[in-house]
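Please go over the structures that come below.
Both of the next two complexes hold subunit A, though its partner changes from subunit B to subunit C.
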Partner chain A sequence: MVAAPTRWRLLALIMLFVAAYAFGTTFANDYVLHLMVLTCIFSVLVMSHNLVTGYVGLFHLCHAAFFGVGAYVSALLAIHLHLPIPLTFVIGACAAGFSGLTVGLLSVRLGGHYFAIVSLGLGVIVYQVLNNWVTLTAGPIGLSGIPLPPQIPWIRKSIDWTPSIFLAFGLVLVLFTYVVFTRIQDSKVGLIMKAIRENELAAACVGIRTNRVKISAFTIASFFAGAAGGMYAHYTRIIVPEQFSFMASAELVAMTVLGGLGSFGGSIASAAFFTIMPEMLRVAGQWRLESFGALLVIVVLFFPRGMAGLGELIWQGFGRLRGRVVADGVTKGTTSRGVA
Partner chain B sequence: MGVEEFVVQIFNGLVIGSTYVLLALGVTLIYGLLNIINFAHGEIFMLGAYFAFVCVTTWGLSYWLSAILVMIICAAMYVVLDFVAFKKVRGFELGPLITSIGVSIFLQNLALIVFGGDPRQLATPYLDEIISYGMLSFSLQRFLIIPAAIITIIGLYVLIEKTTIGRAIRAVSQDRHVASLMGINPTLVIFFTFAIAGVLVAIPSVLVSPLFYIFPLMGVTLTLKAYIIVVMGGFGNILGTIIAGMILGLTESMVAGFGASRWIDAISFLVLVAFLLVKPYGIISERREENV
Partner chain C sequence: MALLDVSDVSKRFGGNEVISHATFAVQKDTITAILGPNGAGKTTLFNMITGVLRPTSGNILFGGKSITNVRVPEIVRMGIARTFQKLRLFKNLTALENVAISRLSLGEVSWPMAFLGARSSRQEEKKAVEEACELLSFVGLGGFENARAGSLAHGQQRLLEIARAMALHPACLLLDEPMAGLNPEDSTRLAGSLLRIRERGMTILLIEHHVDVVMDIADHIVVLDFGKIISEGLPEQVQSDPRVIEAYLGGKVN
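Showing the complex of A and B:
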């Protein structure tokens, strides 16, 4: 990561988000606004996937299932039990976190490839439950008519949940997720996670309880995925099991890899890219998904560090440029500080 | 469930199990050699089935000739797959897994564009030949799968254990570097192994697709099934794969016999998870060496 003071980074990020909100509510039309809200949701999802896959180095293939658990639990509670939406949202996220804990307890002690396949299997089980338990989940037709959150009481009037309010909420959610994850990253736990990723056996040898850290990371990540799911359910107001299938998980993998494993900023960029790219590829027509698959292969083969790697290269280029100016003008022999 | 129905389900289980074993052998072979997880396996199967359909229906070739052509095509596809998606990322653990997901998305949609979304069925002369034995009756096409699996397994065993190229494959899978010092060309061995994997996936592709419909997304489920078996059997172990395939086939046919066929995928993964809780590294564990 580029070493900038956390506080400045945070401030810059807040400014960026305020700018995004201002852009979304004043200049963008409804459609662009919709894409922006989806970008927020997918940013949270990809970041949380990245925490487990990119940061702890556990490659798992069931993240869409946690997204689904969050969405379905929140939607079902709101539809059938008429619970208030903020409550269902939290319960949905907790349910996803709990299922993440269960999956983690079951599968985390398995090594690399075993873990990938078992997590895949647990994802398929969740998908089949959503698809086949027709009396509860309405099966392949999905849930529709999911209620909107209640109006927010504001001075003298109350505010409806328009897309721009969703955008504000989404941006806050992304910011919150980003801050929590970077705090984890910078903490001792983050260091432990990195140690596990680099060499698990060595980490275990110096006394780190690797399984415990892995399970906690998994639980946290699925909690945030569930939160994204809850927001998705109440925003689009219609969910079908197909959105949470194995292929959806595979697409999330694609997004995480494209963004750059271990880089949360990259995850946000790639979520935006993957939400907007289908629109750009409209010209490609039926070849759209083709390009998607081909892109994934090309990225892994030629840019294994994804968008984050690309960003760092550009940043490094700037740094070198600046360094050279300084060296030429003031002191010779000053080298630009390498970016680790 | 009466005795006859039980026997029928056992037979079905053996047929499904043989299919799964055939499907998983290619995966196991490649994993055993290169530690690569290849999610595009089912897509090669799907393209093989489509190619067989084109041979038989459009070109009017005989079933067995088409089968041989499909084997050649699948072997070629596998070699190309290795060249495009795996060669550059063999070193890093999850690279091939991710590129193969990309390839499988690509191939599914390619098939959707070329062949359309309508399900097709491959017609063979053995589909209508019914074998009856007492209360049992089944088509010859179904029965063919069991001897085909047995012959393939024996063939693979002989190839790996008794021939020079088999010895070279085993040497490369143990230690690629040392093998190359012994005068084995690893590139050639890897090329050959991918070709064998292609032939191995072509066999179930030709034999099973007449029994089911051929459609662009058929590969996804099949890949998942192949990996359940490979994991359950202990990655890269052929004997474990055979046992696991039979266990899964019989479980599925019993589940279908009790009328819960909608839940088959979930149940087969539950079997896997439950199994791994007891034996975390499969029926026959792979050789595990870890160094810091």
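Showing the complex of A and C:
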């Protein structure tokens, strides 16, 4: 129900993205560029997970499975049927959305822990299918040689599918996802979702058809997870079932919580943190992953509302600083404009 | 014809019969109160009327239609709204949002339109907010629009629940102990509000322990004890009914 601050946030985000792109294409080496593309993909994934877990409040443990469905469907269609990649990308996302719809219909009546357990089971099923249907998915070896996207017909210049091009597409995908989700957040749909998270029975008692809302959110989130999967498949060009296992889903839960439940900006920050931090911690040598784990514990202990909460604290700090300037101005007998 | 017809309704939890063959009717434009000691089954009765629980047997009619097996949100949409004895607010939303959401959830504007921010959806939001403000000041929460619901005092949270239920424009409003936790002054004021709510065209079914207040405002009283209706009628009739006196004050000592 609030529109204006969102617009500023969006503008800030666009500027940040332009800066990121400029940085990525001019200063960064291929490795850093690679991390930036991965950050984009995981941002979309974490934001979509946040829509289900942070908004509707369904604790959901199979999001990586939808990521996998998108990746595998898009890759298989491109490898075996030679369909154009923009098409396979969309079909992959739709397939993930459809599996989300199915899972939603099966499990959404269950509340709390029961839903978490059912989603865990369904995630395991997807992983086992990817791992064991060897004739189709090549099993644990995974799919390799996934084709790159084709040339774009209406652009004359031929495109080298370099990481920097992927970065551009990745940033656009993140921006698109962010805009869609914040629109949901700011419309009555977002309010209705939050009401379900806050108190499901009360939500039903103000006439909200809670099951329908939950299934819709689940479907939308799976669609975006599938889109991230498609991009991931055609970017890395090799995918293995392990990347979509329960552990991957659990890691997504950690990313969502660390970013801040219900904050999409926090999700982006968290995806960046999770992708870049383990690399920066290489200075810790063999203690790299242990120190990353310790860092997670510290963040959750001291900032239970995640990076979004941390951001808010900093913002309030700024506010207090500004407030002091204004107050000083008043005591000195000048208006705040006079001080400026 | 009665607005709400509860006929021969029973509810069993395992071997425990919480409501046994309850039959009563709520007439349109009245305030009907359900009285009874703790554990008499009053809230269970509310839960069955609103679809939260299904009766083991019996039938509930609302405006002539059976609502016995209808789901909660559909019953709300048919025109029954309720509040909870154990408060169930959307604690992290503002007071205004808590009330506006009622209007928005029932609103005609479809989700895609709301998503796109179409003019119809903006108008719907504006109307919902205006009405929510009006209802908040009606229940005495003017000025608390932007307070987080969870930060309000207990009594204010009860009032907020009433405003939220009223925003659904129900034909029948079910209030589960609205005066619990209110100081005497506020209770009296709320009693006045209830009369004004009835004038707005909402029929009220009320669970309440403040017997004196109930006697003042109720048009009809149903007394429940151990899941059975032991007395029913006008306040004066119920007040002098020996069965009611026995239930509240205990039986005769021989």
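Heads up, the rule we're going with is that the second predicted complex is superposed on the first by the 302 of 340 C-alpha atoms of A that agree within 3 Å, B and C clash if a C-alpha of one lies under 4 Å from a C-alpha of the other, contacts with A are read in each partner's own complex, and residues count from 1 in each chain.
Rule of thumb we're sticking to: contacts are C-beta pairs under 8 Å (C-beta built on N, C-alpha and C of every residue); 3 or more make two chains touch, one makes a residue touch a chain.
These figures come from a predicted structure and were not determined experimentally.
Q: If we overlay the two complexes on their shared chain A, which of subunit B and subunit C does A:Ile208 touch? Say first, second, both or neither.
A: The answer is second: A:Ile208 touches subunit C but not subunit B.
Q: Report for A:Ala221: first if it touches subunit B alone, second if subunit C alone, otherwise both or neither.
A: neither
Q: Applying the document's definition of touch, where does A:Arg183 land relative to subunit B and subunit C: first, second, both, or neither?
A: Touch partner of A:Arg183: subunit C, not subunit B.
Q: Applying the touch criterion given at the start, work out whether A:Val56 contacts subunit B, subunit C, both or neither, answering first, second, both or neither.
A: neither
Q: Let me test your reading of the model: by the given contact rule, A:Leu122 touches which partner, first (subunit B), second (subunit C), both or neither?
A: In the superposition, A:Leu122 contacts subunit B only.
Q: If we overlay the two complexes on their shared chain A, which of subunit B and subunit C does A:Met193 touch? Say first, second, both or neither.
A: A:Met193 contacts neither subunit B nor subunit C.
Q: Which partner, subunit B or subunit C, touches the larger number of subunit A residues?
A: Between subunit B and subunit C, the winner on subunit A residue contacts is B.
Q: In the superposed arrangement, does A:Ala78 touch subunit B (first), subunit C (second), both or neither?
A: After superposition on chain A, A:Ala78 lies in contact with neither partner.
Q: Subunit A residues touched by both subunit B and subunit C?
A: On subunit A, the overlap between the subunit B and subunit C contacts is residues 199, 201-202, 205.
Q: Enumerate the contact residues on subunit A facing subunit B in the complex.
A: Contact set of subunit A toward subunit B: 59, 106-107, 109-110, 112-114, 116-118, 120-122, 124-125, 128-129, 132, 199, 201-202, 205, 246-247, 250, 253-254, 257, 286-287, 289-290, 292-297, 300-301, 304.
Q: Using the touch definition up top, name the residues of subunit B that touch subunit A in the complex.
A: Interface residues on the subunit B side: 31, 35, 37, 39, 84-85, 88-89, 92-95, 97-99, 101-110, 112-113, 220, 224, 227-228, 230-231, 235, 262-263, 265-266, 269-270, 272-273, 276-277, 280-281, 290-292.
Q: Write out the stretch or stretches of subunit A touching subunit C in their complex.
A: 1, 3, 183-184, 187-189, 191-192, 194-195, 198-199, 201-210, 216
Q: Over in the complex, which subunit C residues touch subunit A? Could you list them?
A: Subunit C reaches subunit A through residues 50, 52, 71-73, 76-77, 81-82, 84, 88-93, 97, 100-102, 104-107, 109, 111, 114-117, 121, 124-125, 129, 164-165, 167-168.
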